[in-house]
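We just call them A, B, C and D in the order they show up, numbering each chain from 1.
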């Protein structure tokens, strides 16, 4: 199997095509940065979902709940540490953001573990019931969020050091977007290294192809799956925290809203493929920003259009996972 | 007349059915035999349209049906009973058969009449159920029937399609001894009508020998022998295919 | 006679029969039994949601399709009438134009989605419909010139449906015979007819093919049914009926906005209705809709009492807050999927046998 | 007589609603190679999968090294020292040959001497070491599947139709490899359709029919008895029991 570069080339292709349409190069740079930041945040949230689907054929329609939980937990911690947030010191700012993000990941991860045990485990292999019951989980989780954090949205200001923009000549790039890109790339790199260079990664890749054989080789795939599920939930929490800071507001509906983008991304990427998820997320982020600038009216349908076009080209998504 | 011309399907590099040309005449029962993995069920799947051929053609009465989807082939008269029981599990036995009768009637797209109002469909379904001695179990949910009865129901569905070509894929697999004759009698009765083409995949050689007019042997996806039962069963090539397992000799040797 | 009206699909449970009679008769006399604007509104909502849930059951329960785009069609029907009444004035011709336009758009869109994506796996289809529906909801709120944006449209109903219209002088059992009463019975009658039509569809030869496809699509293909065609037709019928339910809602409430017609919350509601009531039974959708609309309007009061009682306990009080009624139904929903997959109707029928 | 390494007693297995095995009984002696023969659909593959825990036995005992393993989870059964080569080979197509073997070597990096021995039997694996296994030909995939099972010493190998689709020269290599394994560390249970291969290699034989074992005994005696072969393996007719 040759490496399939074609989908990867789509990313620069979209950027290049957008340049003349956007017109001004400075706006283009700003939009590209925004698109990359958005795409990478979605990637962080989506990667776990696509992996768990690949491993156990489980698609969690309640994934959005972990995103929302992450956003709320991070917001609570940051509000509690708000003196450190408002100081004009990068280190103190990070001392608030760091624990907040960590807490978001831990809480989402623990919830993911519970969710897997209670909601998902009884319905393996039954897609219809799986969709229904995980959607039910989303409903309950969303309501519980309202019980705990109240029904109103929480306003969340970014820390001082992450406000404003870097100026490179005429081009302004928001600092927070740069941070989001860096975090996203770090997560991607970590995932790529884990998947390709470690034994666990080897097991995950093998399990996505044929879980039964992995068991026959003497590995307990259930534990592996729970591990991936928890890690995926923690990443969703991280993504939720990042998204909350990006939007500067947090509501209980955040999960359901972002979940739609997440689904589009993993459909585009090919269910089960982390690489595809990465490419899909960047494509969605970039095209949403470009089209939002070029033709705001059309922007909202652009994701659907993108998905339809990709599925016409490759009906199984960009990187279909070879099953068995 | 049903015929395949140079019919081939590859999975990856492996040709599961490899250039099989064969014609099946009305009024004859042809058994397709061969060891495990010889490509018999795959050959059936290519004929009835569950799989798409990599190359070659399937013809029905001269018409090239290679590109047709399974439903269209079924409506053209290709009927198939499956090796693994393949029913509508939560519907009644009667409903399983009635649905097959309904295909021919063209009532499937009738949205606004009552199913129970079409007495003639129900009566015909009951006739077919009676033919496999399942009439008393008509209202039983298919999934609750014993295995042997499910196999019979499978056959009843095939009868209900009233096809010109009957394809049986191991119709007696998993049946208890006393149930086997019912199914064999049905196959014999279809054969006795003289105008139907019957294809049978079967491993029990006593069954094959007693029913077949002709035996076709597949081995590693290729057609390696074709002829009268007595000749084929005793030919070296077949003994080798079953017991030797090395590469087959030239098919016409 | 009853058999023909119910298309041979009898309740097959005494309690279910009693419940259905209560619902049909109860809704018929509701304006006189429970006078007042709120209860009339609840009764009309129940009618509309029975139709909407029943049309969703055609997909989910009978055909085994999970679509998250059902409210989109509901919204299309509602906005069709709302836009027509806004643009063309409060005339019956406008209503007709709106209904027909809504139907055409809904069916065309359903056919498009169906032919494009009904070949794919259940999960894939569910995700795609979710994406399409959310895009549509945003689109509707982004076209304020046409849809009134987030605020939606407020419009005048045809004169005969307004409170100011007087059918006859005086009152009957103390209830004024005004246009609202006419409107209610219009909604009631249309809903009754639509549910009976759906009941006929699922008990027709076509409906039997849908169930066959749900049970074993592979075998349905093998005996000669083209599953994509049947699934697409089922989607179109479901979309058409959902659009009509939307039109009825628009005709009842004289305002149409994204929250009441397009939101994911409504989608969640009808999912709960069908699953709790009992998938694949039609009557389950009826029971589920009644239950849920009641819960929405009256469970809150009950929770309010519990909330009062628990006022001192911090988290527990939150759990019983009147606005958290969906929490409890969500829990019921999950329990249903696990333990009572055939819902209330299935459980009632099993009691008998 | 020493206790057999593996012995099945009254094993029944249902798949869904179907009863596939109705009381399978046979032994695999320590250090021996047992051939599991039988017609199509007799239940051979199901028997292997049941031993491996991939199907759950509904009744009966599967004793391995003196312990009943029926009911254990597949990974735990594998960890007792049983390796399985399924009929579908189930190699990981997206992983390289090296990664496939690394994964199969549970206790650490593959031992170089053992690797060299495997390469001497299946030379293609060395040649395509860093290639995704999906690119291998059918025969090479089969070699990889077998190599995966023997990359570390195991006490029992369950192998489903190892010669399917293999060229005669490679079959010879495989026979040699199996002989060496048998003489060294492992016992083998091999499902085979190719009787020529089976008779060269097998010490004992168990022949299945309709979900039961219809005959057990030494391979030499079975190979000499034409009538029995015909009766059990299908080409001869006789009554169907």
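Some observations on this one:
Convention: a contact is a pair of C-beta atoms (placed from the backbone, for glycine too) under 8 Å apart; a residue touches a chain by one contact, two chains touch by 3 or more.
Labels paired with UniProt names: A, C = Branched-chain amino acid ABC transporter permease; B, D = ABC transporter ATP-binding protein.
In this text, all values refer to a predicted model and were calculated from it rather than measured experimentally.
By the document's definition of touch, chain A and chain D have no common neighbour. Farthest chain from chain D, judged by C-alpha centroids: C.
Taking the mean of each chain's C-alpha atoms, the chain whose centre lies closest to the overall C-alpha mean is A. Here the spacing of chain A and chain B, counted between their Cα centres, is 50 Å. Measuring from the averaged C-alpha position of chain B to that of chain C gives a distance of 45 Å. Look at where the CA atoms of chain C average out and do the same for chain D: the two points lie 57 Å apart.
Computed from the mean C-alpha positions, the centre of chain A lies at a distance of 33 Å from the centre of chain C. Viewed as a contact network, the protein chains form a single closed ring in which every chain touches exactly two others. In this structure, the chains touch in the following pairs: A-C, A-D, B-C, B-D. Residues 4, 7-8, 197, 200-201, 203-209, 211-212, 215-216, 218-227, 230, 233, 237 of chain C are the ones touching chain B in the complex.
Residues of chain B that touch chain C in their complex: 48, 50, 69-72, 74-75, 80, 82, 86-91, 95, 98-100, 102-103, 107-116, 118, 121, 157, 161. Contact residues of chain B toward chain D in the complex are 12-14, 35-37, 85, 143, 147, 170, 173-174, 177, 203-207, 209, 220, 233, 238-239, 242-247.
Chain A makes touch with chain C in their complex at residues 53, 59, 61, 119, 122-123, 127-133, 135-137, 139-140, 143-144, 146-148, 151, 256-257, 259-260, 263-264, 266-267, 271, 297, 300-301, 303-304, 307-308, 311, 315. Only residues 17-19, 39-41, 137-138, 161, 163-165, 168, 193-197, 229, 233-241 of chain D touch chain B when the two sit together in their complex.
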